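Each of the next two complexes has chain A plus one other chain: chain B in the first, chain C in the second.
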Partner chain A sequence: MAKEIIVALAGNPNSGKTTVFNNLTGARQHVGNWPGVTVEKKEGSCNYKGYSIKVVDLPGVYSLTAYSPDEVVARNFIVEEKPDAVVDIVDASSLERNLYLAVQLLEMGARLIVALNMMDEADSRNYRIDVEGLSHLLGAPVVPMVANRNRGTEELLEEIIKVAEKEVEVKELVISYGQEVEEEIARLERLISQDGELSSKYSPRWLAVKLLEGDEEIVKKFKDVKAG
Partner chain B sequence: MNQLIPLAMVIPGEMVQVVDVRAGWGLRRKLADMGLTPGVIIRVMNSQMPGPIVIDLRGSRLVLGYGMTQKILVKRV
Partner chain C sequence: MRSIYGDEAETVIADGRYGFISGLLKDVLKKPPIERLTLSDKIDRVIINRWLGIPLFLAIMFGVFQFVFKLSVPFMDWIDAGFGWLAGLVSGIGGWGGSLLADGVIGGVGSVLIFVPPIFLLFIAIAVLEDCGYMARAAFIMDRVMHKIGLHGRSFIPMILGFGCNIPGIMATRTIENPKDRLTTILINPFMSCGARLPIFVLLAGYFFAAQAGLVVFCMYIIGIVVAIIMALVFRKTLFRGVSSHFVMELPPYRLPTVKGVLTHMWERGRLFLRKAGTIIFGVVVLVWLLDYTGALEPIGSAIAPVFAPCGFGQWQAAVSLFFGFLAKEVVVGTMGTLFAAEEGVLGGAIAAQLGWTPLIAFAFMVFCLLYIPCVAAVATIKSETNSWKWPLFAIFYTTAIAWIVATLIFQIGSLFVG
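Take a look at the complex of A and B:
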C-alpha cells in the first residue's frame, strides 16, 4: 500500500492556490483572476514516487483569526486535522503582505513549506529574492515557482515528501511579545497544559496567545473548561 | 501641517502615512491583517469621492470602501 500524505494548500487570496492544486492533482478546478474563488475546501489526490498524496485546497485568507467563515475553514483544517505538510502559496511580487500569513502558520506549529509563486512577476519588477536566506530566516523550506506555467511543481512535491517524512525540520516559530504579555502567556499556558484534551489537540502557547487576543472561536472552546 | 486627515480626503497621487484606524476591533484587525498598520506609508492611486479608494499598500493594490477610508486617519509625508 502506498503511504498516504495529507497536504494543505494555504495562502492569501489570488496567490495561485488553485493553480498549484490543479498542477499537483491534474484537476480542473475553476481558477479565476480575482480573490475569493475558493470558499470551501476542495480535495484532490496524486501519486508521486510511491506516495499517495491527498491535496486539500483551502480558501484564501490574509490571516488566521476567526473573522469570516473562510478563515475558520482554513484554520480549523490546519489546527485540527494536522496535515503532514502545509504549503503556503505566496505571491513573490507582494512578499511583505504575504509573509504575514506564513509567520502565523509557523506560530501555529504547522509543518510549513513556502511556495514562492509568481517568480516571473517578481523578476519583471526587478525584485531579487534571496530564497535560501528567506528559508533560513523562516526555518522552513522555500520553493520558487511559476504555477501558471507549471514550473516548480516537481520541486514542491519533493519538499512535501521531505517535510512529511520529517527529513527536513520545520521549526515552530516563537515570537516574543514582550515581558508583560509573555508573563500572561506563561500563566495561561500552565493552566491550559492541565487540560489533557485541549493540550493534546492544540499547542498550549498558541491557544494562550489567541485567548489574550480575544479570539471568539477559541474563547468558545474554553466555555466548558474548568480551570484549576 | 502634520494634522490628521481621513484617508477619504486624500487626492490621487499623494503619499500619506497611516496614523490610526478609528474603528472597532474587527475592522482594525482586518485592515492590519492586510498590512494596513499604523506607521505604514501608502499612496492613493485612485479616488472617486464618495466611492471606493484604491491604494498602493506594501507593493499591492487594495480597494477600500468610502466608509472605511473615513475611519483611517493619515498625515501627509
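Take a look at the complex of A and C:
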C-alpha cells in the first residue's frame, strides 16, 4: 500500500497555479465545491516513488484574511486539515507582491515549499534571484520552476516528499512587529496558551496576530471558545 | 484591547510583513540598475497617470461616441431607405391590415431596427477597449474616484458592462465580496446607460441637436455616471454604512485585439438586441397599435400625462411611450413610431411638429429615459441577484423619483435661460 501524502497548492491569481496543478496531476482530476460555499474545489492525484500524492488546489488569493470566501476556504483548509505539505506558487518576476502570501503561510506554521515559478520571465528581465539565500531567510525550501514548459515538476515532487517525511525542517516564521504590537501579542499568546483546545489547534502566535488584525472569523472563534 | 488598536494594528502588521519582505529581497534579489520598461509599462505611464488618466478616459469615451455616431449615419440612411420602400409597398393595402403593417410593424419595429448600426458599432468599440486591455485600466483609474464614494475599482467593471446592458452588469457584481458594496453597485447599475437607451438618444439628439448630436449623447452617459456616483455616496452614508474592502487589481498586458475576438463579443451582445426587436418589441408595438386603433390609448396616456407636465413633456404620447418603455427601453422609440405612424427618418420631425418639443424638452426627456425605471428584465435580475422583492421594488421607485426630479430641474431651470 502506497503511503498517502496530502499537498495543498496555494498562490496568487495569475501565478501559474493551475499549470502546476495540471503538471502534477495530469488528467486525474476531480472538480467539486468546497462545502457551504460556491468556491470551486479541485483535487487530483499522482504516484511518485511509491507515494500516492493527493493534490488539493486552493483558490487563488493574495492574502489570508477573512475578507472573501476564497481566502477563508484556503486558510481553513491549511489550519484544519493540516496537509503534509503546502506548495505556494510564486511569480518570480513579481516577488514583492507574491511573497506576502508566502510570509502569511509561514506565520501560520504551514509546512511550506515555495515554488518559484516563471523563472524564465524573471531571467528575461535580468533579475538575479539568490534561491538558496531566499530559502535560508524564509526558512523553507525553494524550488525554481518554469511551469508552462513543465520544468521543475520533478524537483518539486522530491521536495514535497522530503517535507512530508520531515526530512526537511520548515520553521514557523516570526516577524517582529515592533514593541507595542509585540507586547499585545505576548499578552494574547498567554491567554491562548491557557486554553488547551485553542492552542492544540492553532499556533498561539498566529492566532494572536490574527486577533490583532481584527480578523472577524478568528475573533468569533475566540469568543465562542471563551464563552464555551 | 481591540478598541485601542483597531485598524491601526492591522496596518502595523501589514507594514511589518512588507518590511520583512523588502528587507529579505534586498539580500536575495538583484534587479538590473535601470530596469528595461516593457512596452505595456511605457504605455501605462501615460494611460494610468495620476493626472492624465481621467481626462484620457473621458477623451476616449468621447471619441467612441463620435465614432459610433458619425460612422452609423450612412448605414442608418440605407436601412431608412429600405423601410421607406417597404412602407411604399404596403401603402396600397387599405383597412386595418394595412394600418397594422404600415403604422404598427414598419413604424414601430422599423424605428427600432434602424438603430442596429449604432448599437453594433458601440459594442465593437467596447469589445476593442476590453480586448486591448484598456477596460482594466479604466477600472484602475476609477478606483481612486470609487474609493472616494466608498466603493472600489471592482465595482467599476460591472458599471462599464452596464453600458452594454445592465443585466450582465448586475450579474457581474458577484465578484464583489462585501455585501454592502455589492448591493450599492447593483442599485446604481441601472444609471449606466445601456444599449437599449441609445435609440432614444440617437433619435432625439440627431433631430434636435443635429451637429452636436455626438456631444449630447456623450452628455447622457456622463449624466448617468454622475448620478450613479452621487447615489452611491448617498447609499454609503445612509443605507449601507461601513468601510469597503481592499484588493489588488491585476492589469493584464496590452494586446492587439483580434478581429475575430471583437466580432464575437459584438455578436454575443448584439444578437440579444435583435432578438428583443423580434419578440418583445414587436409584441409591444402591435399592442400599442391595437390600443391606438381602438382609441383606448389616448385616455390611458392622458391619465398619466399630467405627472410629466413639470418635466416639459406632459403630452399623452410621451406618457404612453414611457409607460411601455418599462418593458424594454427601445420600446419608447417604437411606440412613438407607431403613434406617429412614422419610421425613423421622419420621426424626429413628427415629434417636433406634433408635440411642439424644443431641444430643451427633448433633452429633459432623454435624461428622464436615461434615469427612470430599469426595464423589466433588469428588475427581474435584481430580484434574482438579491433574492428578495425589496430591492427591485426599491430600485423601481427611487430611480423613477430621481428621473422625475432631474428632468424637472433641467426643464424648469433651462426654461429660465432659453425662455
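One rule holds for everything that comes next: the second predicted complex is superposed on the first by the 214 of 228 C-alpha atoms of A that agree within 3 Å, B and C clash if a C-alpha of one lies under 4 Å from a C-alpha of the other, contacts with A are read in each partner's own complex, and residues count from 1 in each chain.
By definition in this document, contacts are C-beta pairs under 8 Å (C-beta built on N, C-alpha and C of every residue); 3 or more make two chains touch, one makes a residue touch a chain.
This structure is a prediction, so every number in the text was calculated from the model and none was measured.
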Clash or fit, chain B versus chain C on superposed chain A: clash
Partner chain in contact with A:G196 - chain B first, chain C second, else both or neither: neither
Touched partner set for A:Y100, first chain B, second chain C, both or neither: both
Which of chain B and chain C A:L137 touches, first, second, both or neither: second
Partner chain(s) touched by A:R128 [first = chain B, second = chain C, both, neither]: second
Which superposed partner A:Y62 touches (first chain B, second chain C, both, neither): both
A:L212 touches, of chain B and chain C: first, second, both or neither? second
Per-residue touch tally on chain A - higher for chain B or for chain C: C
Which of chain B and chain C A:V181 touches, first, second, both or neither: second
Clash-bearing segment of chain C relative to chain B, given 133-141, 205-213, 223-231 or 259-267: 133-141
Overlapping contact positions on chain A, where the chain C interface meets the chain B interface: 62, 67, 95-97, 100, 214
Touching residues (chain side chain A, partner chain B) in the complex: 62-63, 65, 67, 91, 93-97, 100, 214
Residue ranges of chain A touching chain C (in the complex, touch as defined): 13-14, 62, 67-69, 95-97, 99-100, 103-104, 125-131, 133-134, 137-138, 175-178, 180-181, 184, 188, 209, 211-214, 219
In the complex, chain B residues that touch chain A: 25-26, 29-30, 33-35, 57-60
Contacting residues of chain C [partner chain A, same complex]: 1-2, 5-7, 9-10, 12-13, 16-18, 20-22, 24-25, 27-32, 35-36, 177-178, 245-248, 250
